Amino acid sequence: MDIVLVKNIDTGDTAWVLVAAALVMFMTPGLALFYGGMVRTKNVLGMLMQNFFSLGLITVLWVAVGYSLAFGGTNGFIGNFDFAWLQDVAGTNGGKIAGFAPPGLGTLTIPPMVFMAYQMMFAVITPALITGAIADRMRFSAWVWLLGLWAILVYSPVAHWVFAPSGWLFKRGALDFAGGTVVHVNAGIAALAVVLVLGKRKGWPKHPMPPHSLPLTLIGTGILWFGWFGFNAGSALGANGVAAQAFVNTTVAAATGMLGWLILEKLRSGHATTLGAASGAVAGLVAITPCAGFVGGMAPILIGGIAGGICYLAVSMKFRFGYDDSLDVIGVHLVGGLIGSLLLGLFADASINAAVTKEGVFSGGGWSLFGEQMIAVGATMVYSFVVTCLICLALKAFMPGGIRVTEDDEETGLDLTQHSEVAYATDLV
Amino acid sequence: MKLVTAIIKPFRLDEVKDALRELGVNGLTVSEVQGYGRQRGHTEVYRGAEYEIDFVPKVRVEVLVDDADVTRITEKLLEAARTGKIGDGKVWVTPVESVIRVRTGESGSDAL
Amino acid sequence: MDIVLVKNIDTGDTAWVLVAAALVMFMTPGLALFYGGMVRTKNVLGMLMQNFFSLGLITVLWVAVGYSLAFGGTNGFIGNFDFAWLQDVAGTNGGKIAGFAPPGLGTLTIPPMVFMAYQMMFAVITPALITGAIADRMRFSAWVWLLGLWAILVYSPVAHWVFAPSGWLFKRGALDFAGGTVVHVNAGIAALAVVLVLGKRKGWPKHPMPPHSLPLTLIGTGILWFGWFGFNAGSALGANGVAAQAFVNTTVAAATGMLGWLILEKLRSGHATTLGAASGAVAGLVAITPCAGFVGGMAPILIGGIAGGICYLAVSMKFRFGYDDSLDVIGVHLVGGLIGSLLLGLFADASINAAVTKEGVFSGGGWSLFGEQMIAVGATMVYSFVVTCLICLALKAFMPGGIRVTEDDEETGLDLTQHSEVAYATDLV
Amino acid sequence: MDIVLVKNIDTGDTAWVLVAAALVMFMTPGLALFYGGMVRTKNVLGMLMQNFFSLGLITVLWVAVGYSLAFGGTNGFIGNFDFAWLQDVAGTNGGKIAGFAPPGLGTLTIPPMVFMAYQMMFAVITPALITGAIADRMRFSAWVWLLGLWAILVYSPVAHWVFAPSGWLFKRGALDFAGGTVVHVNAGIAALAVVLVLGKRKGWPKHPMPPHSLPLTLIGTGILWFGWFGFNAGSALGANGVAAQAFVNTTVAAATGMLGWLILEKLRSGHATTLGAASGAVAGLVAITPCAGFVGGMAPILIGGIAGGICYLAVSMKFRFGYDDSLDVIGVHLVGGLIGSLLLGLFADASINAAVTKEGVFSGGGWSLFGEQMIAVGATMVYSFVVTCLICLALKAFMPGGIRVTEDDEETGLDLTQHSEVAYATDLV
Amino acid sequence: MKLVTAIIKPFRLDEVKDALRELGVNGLTVSEVQGYGRQRGHTEVYRGAEYEIDFVPKVRVEVLVDDADVTRITEKLLEAARTGKIGDGKVWVTPVESVIRVRTGESGSDAL
Amino acid sequence: MKLVTAIIKPFRLDEVKDALRELGVNGLTVSEVQGYGRQRGHTEVYRGAEYEIDFVPKVRVEVLVDDADVTRITEKLLEAARTGKIGDGKVWVTPVESVIRVRTGESGSDAL
């Protein structure tokens, strides 16, 4: 497989993927707000900053080497530097700019630059997901290093395995429409690794740490749901029937995710909460991500509903096992990502998408796809967990000051100690 | 000169203010506080984690009054603040040695 | 008329309507924030939740039966179950997914799935509009029931009458480009019904209940205006000249709606307020909704301006008549919807859109269209009001605990009593 | 050059530019929030209102005469009234609506109405940028007049010079892809003029005036970055390779802008701040605006990074020179706009965009383009500064009450005194 | 030991703090309050509905002082807080029986 | 009857509340305040402009207590609030002439 000059650009497909890329970009601020509303007042800027900074750093790293490591070359385990600094990504095609597609993606009907930009937004948001787990206690400088190293050492390789046609998991037939494995399982298990190295927040779980602004969280939820149309339906890489199906599956799974969470919550604690509605919707969205363009019919209803319910149960695990996954990245993204990636082994349907070479159990394809999905999530979990641990331990050992703020600084909050700012100033100063 | 301080339920503030105004009270100072007492707080639930919040929002009203008016004003205030349900709050009176109006420097009763 | 397999999919049209559907979805969170900022601090989550929950529940109901009842079959009064659970909505067309269009919509150039998704977002936001009227006092469980029943018993039938080519109002020639009748008049009159059954908020109108966060309301306003491009210009169902005209009409009417409201407000109370600017823009947007793709020239300027001014006057009616339409759903959506639907009888212009079979008075079409518009809004108002009243009365009678929170709970606020949460926690807990 | 009936409409291009127009519209609320978070609590509605009002007033003025003055006719210095009230902008083309393109834009593949709407959004946001400089002290009625007069007397002429093919700067070969000169330099220098006439805020610079809500500012930042894809990539006026390159350049420059600002900030004051991240991103976005569709390769990385760093230094100038540019419109938009417009003289690359007739220094085109860029920004600065001063002085002289609020009103805040509202009400009233 | 309490206009806080600091006052405690008095409140308008808001934002300053310093400090405070316009607020003095510094347990003047 | 007022560090509130509860204190009133004292404030930086903020968030706790309980309660409170670092705050006691429970009109010790 060689890199191929893209010639047949369709303006409608291009328009849709451009929009989808913008929508996915918008999700990172959305995530920042979603998380930011959940932390205490003294840490909200710390949270926002960790997320926004991903837009700063990862964008540049992606352009430099990330994209090329993820999509360049034909090695099964890691890309190469063919596209480093975007060389050849733009190229001319009879006077028009088009550019070279990564190996195996020669049938693109959009400029490769658009594909690169679209994938960039995934690279930006994936490590940002981790910030929810580590809220309120990591030094900003340590986050900067973790972020950058993780993007290169974990994200690009895993994306290559699963998304690139030459990746070993892709070639085995594992399916991941929009990042259930690459994004959610990957970030979720990495969050566990970071949390284990970092330790619990002072006072957790005894001291209550209620969300300082649920309206902020709900602004974030709205943006996430909105942006997720780009995330999932954009992964069709064109404005076509697959995109349409993915679009519908996305919103349906978000809805049943919300319902699933709320029903269990109402039964167990007596109230349907706003944060539960938001969390359930996100759980549904996470779970449908790998499936979005591969399933149809009742599948999204079930996938979303199951994810909503199970994630509700899963977020309590941390109290049982004693790890402080502050805003439930593991309970929602890891668990939700696993649910979606594995259920895809049951529901994948070739009549929805011809790219489904092995169908799921319920479509008559037997357990083979399910097995591949197990391998894909298993390999991702092991690799991501181990490498993330190593990065964190190395940073802890080598960074003067370590990766965690001092006790006093934790008490005072990240906003003042890391950024010299307060989130909400009174006119009285 | 005395300072009458009342901790009341927030939604009685309007009644209290009106009642005191009727008695000719010209001014008072109000602030938001959190009360802990016999009235139970509430439970909040966030992602399955239940928090018992012991504090209940209350309003503190402070009125500087002439010695002679203390009883009259206190009684009216009690009446206006009362709902009869637990958590209605407290009123207490403390001695004040001097009061001055910032604008004019007047002191004592003239400062009110 | 039969259901038709859609064959000629245009990627540009598809891209636009996909985006439009996402934009309309985004309006429901936008509406939640718009309303949420206007209520008191203790009720903001209650308000947000009522809106977000519509995204949860209605999405599922629409997929199950709502879409089919609205667009299936050829009966004039109600659809059928042909498309229940989305059967046949996706279908294959020479290896590509396309699917079957509803009767009379065979000329669609987008996958029917996209049409279904786009219409879904209207079904979601329409009942959400009602929440503004009932703020601060409805039990959440009662809202859940009202929401679901209303979607099936009111929204789908009215959408069928007006939007489906086989609907009796559609066939008579009534026009409604993007939902002036189906969405705004329908929700507005329903809001009146609910409010009458529910009664006034404790303390209203004596006790001041100022908006707890106008910045939140303005975030919502921005999102609504943005999303409304999808709502109106998306209703062209393609990226074409009609969409362009609808786009421009939308923003122009929002602008003149703002100006109309502010001018009257300045004259009557001495100040142009921020909430007035937001409200006037929404009034203009409401009024242009039925007209967006059917009028041109000076029409949007006038329609928006008239709506802005009249809605400003209309929101005071509630004090005269003593019904507690808390956030002015009647004053803005019912009145604005009526203004737009009726002015369309004057301004509809076949040179803008060939779908205008009867032109408006000023385009030389005489009063015939105006008559049809009167019939359409009249029938909608009667039906929606009566059925909504019956639903509310039935819920009031049969739900243990009724449809309204207790006095104590109303005092404490919906957030704590209905959802066990507070919107803004201090770090001091 | 004559006005030309547009015939070859491409749905994909149309879809993209429709979306882009919506995105740019969304930037004005985004800007309102960005600025609104930075002012003190008592002035936030004043700030939001000044921005939202631009959506109201300028939309109407643009439809009335603004568009026609900017794009009508073939005079080099000012347009004409050919398109006033949008006459001829919509027209029919074999039964379909298309309409007449401005002179020199006959190759449009989108309905001229879409082009008009897209340009409208630029006209709306440009004067809105000025509000950041004049925060907390201008009478709202004075702003209304300034806004309207500036749009007609400054914005339309400058847009004509640079954007219209018949404009004198356009014809000389000056380049401005998406408004570095027309939008940012223009608004930035005008902000200086207004600030000089208006004077400093009471208490500035002695009294601290910290941002009352940085989360609000970051919501705005997210929306701005998101919307800027429309602003820049939309300026390709189609869904093509140039749009793709502009899209990528935009996000890359935002990222390096953020990094540039943060690095300098960290070095000089010891902390990387959240407001710095937001400001740096905006600085990068401003600087890439004129260049977005004209440069490639490493250019966006450098342009963004340079802008981020220099703008960080530039925002301190106001303390040295003693003008109160409250939220740094001059330091960010004027300086960033100049950086981008001039660096384009170095980086412009015909292989990225055939519209580059004179290439930049680094592409081997010599200093000729740089010279034209100097002339373009110079002419814009002189004209805009002088005319804006004249408008302000005239308003100051003729408006009863002048252009500035009284000292007492400034103390109390704009929200109460100009709009009779408070931004955040407690339930305790 | 006395407690001097002042209700002042928020924007005078800086001046008051600086003035007291000059007198060697080492600490004070400040809170946001709402005042009702001769100074009129304001009107707010939301969608045509007018609300009269009686309360005006004020700041409460509390300073514990030695008996001997009361007059000196009060006067300086009055001066710094005064604008001469209505609503400048009140200053009052109440007796304090004992003061203790939490950190060290010191009491009386040493606790200040 | 006395009023014990304490200015403490916000994160000690839980301990203080629990300590007092153990002593049988049935109620207290809490509010957020800003303290100025020996404990330095902090610096904030916005776009290169540095602001020195002198005030530190503190919590004010007020407890009405019987004369006999003052020492016991004060000591327990001091202990619970103490971290030993600068800025731990102050506790002071002021005389109260009368206390009334709003709900019942009971006064004196019965009102607590």
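Points worth noting:
When the chains are written out, they are named A, B, C, D, E and F in that same order, and each has its own residue count from 1.
The rule is short, and it goes like this: a contact is a pair of C-beta atoms (placed from the backbone, for glycine too) under 8 Å apart; a residue touches a chain by one contact, two chains touch by 3 or more.
Remember, predicted model here, so these are calculated numbers, not experimental data.
Counted as hops between touching chains, the shortest connection from chain B to chain F is 1.
Looking at which of D-F and E-F shares more C-beta pairs in contact, the answer is the pair E-F. The mean-CA centres of chain C and chain F are about 52 angstrom from one another, to the nearest whole unit. The distance from the centre of chain A to the centre of chain F, each centre being the mean of the chain's C-alpha atoms, comes to 46 Å. Residues of chain F in contact with two or more other chains: 30-32, 34, 44-46, 51, 53, 55, 94-95. For chain A, residues touching at least two other chains, in rising order: 10-13, 15-16, 19, 208, 210-211, 213, 219, 223, 239, 269, 271, 273, 275, 420-422, 425-429. Interface residues of chain C facing chain B in the complex, by the touch rule stated above, are 207, 411, 416, 420-422, 425, 428-429. Those residues of chain A lying in contact with chain D across their complex are 9-16, 18-19, 21-22, 25-26, 28-30, 32-33, 36, 44-45, 48-49, 52-53, 55-57, 59-60, 63, 85-86, 90, 92-93, 95-99, 110-111, 113-114, 116-117, 120, 140, 213, 216, 219, 223, 239, 415, 418-427, 429. Those residues of chain A that touch chain C in the shared complex are 10-13, 15-16, 19, 23, 40-42, 208, 210-215, 218-219, 221-223, 225-226, 229-230, 233, 238-245, 247-248, 251-252, 254-256, 258-259, 262, 269-275, 277-278, 280-281, 296-298, 301, 351-354. Listing the residues of chain F that touch chain B in their complex gives 1, 3, 17, 26-31, 64, 94-103, 105, 111. Of all residues in chain E, those touching chain C in their complex are 44-51, 53.
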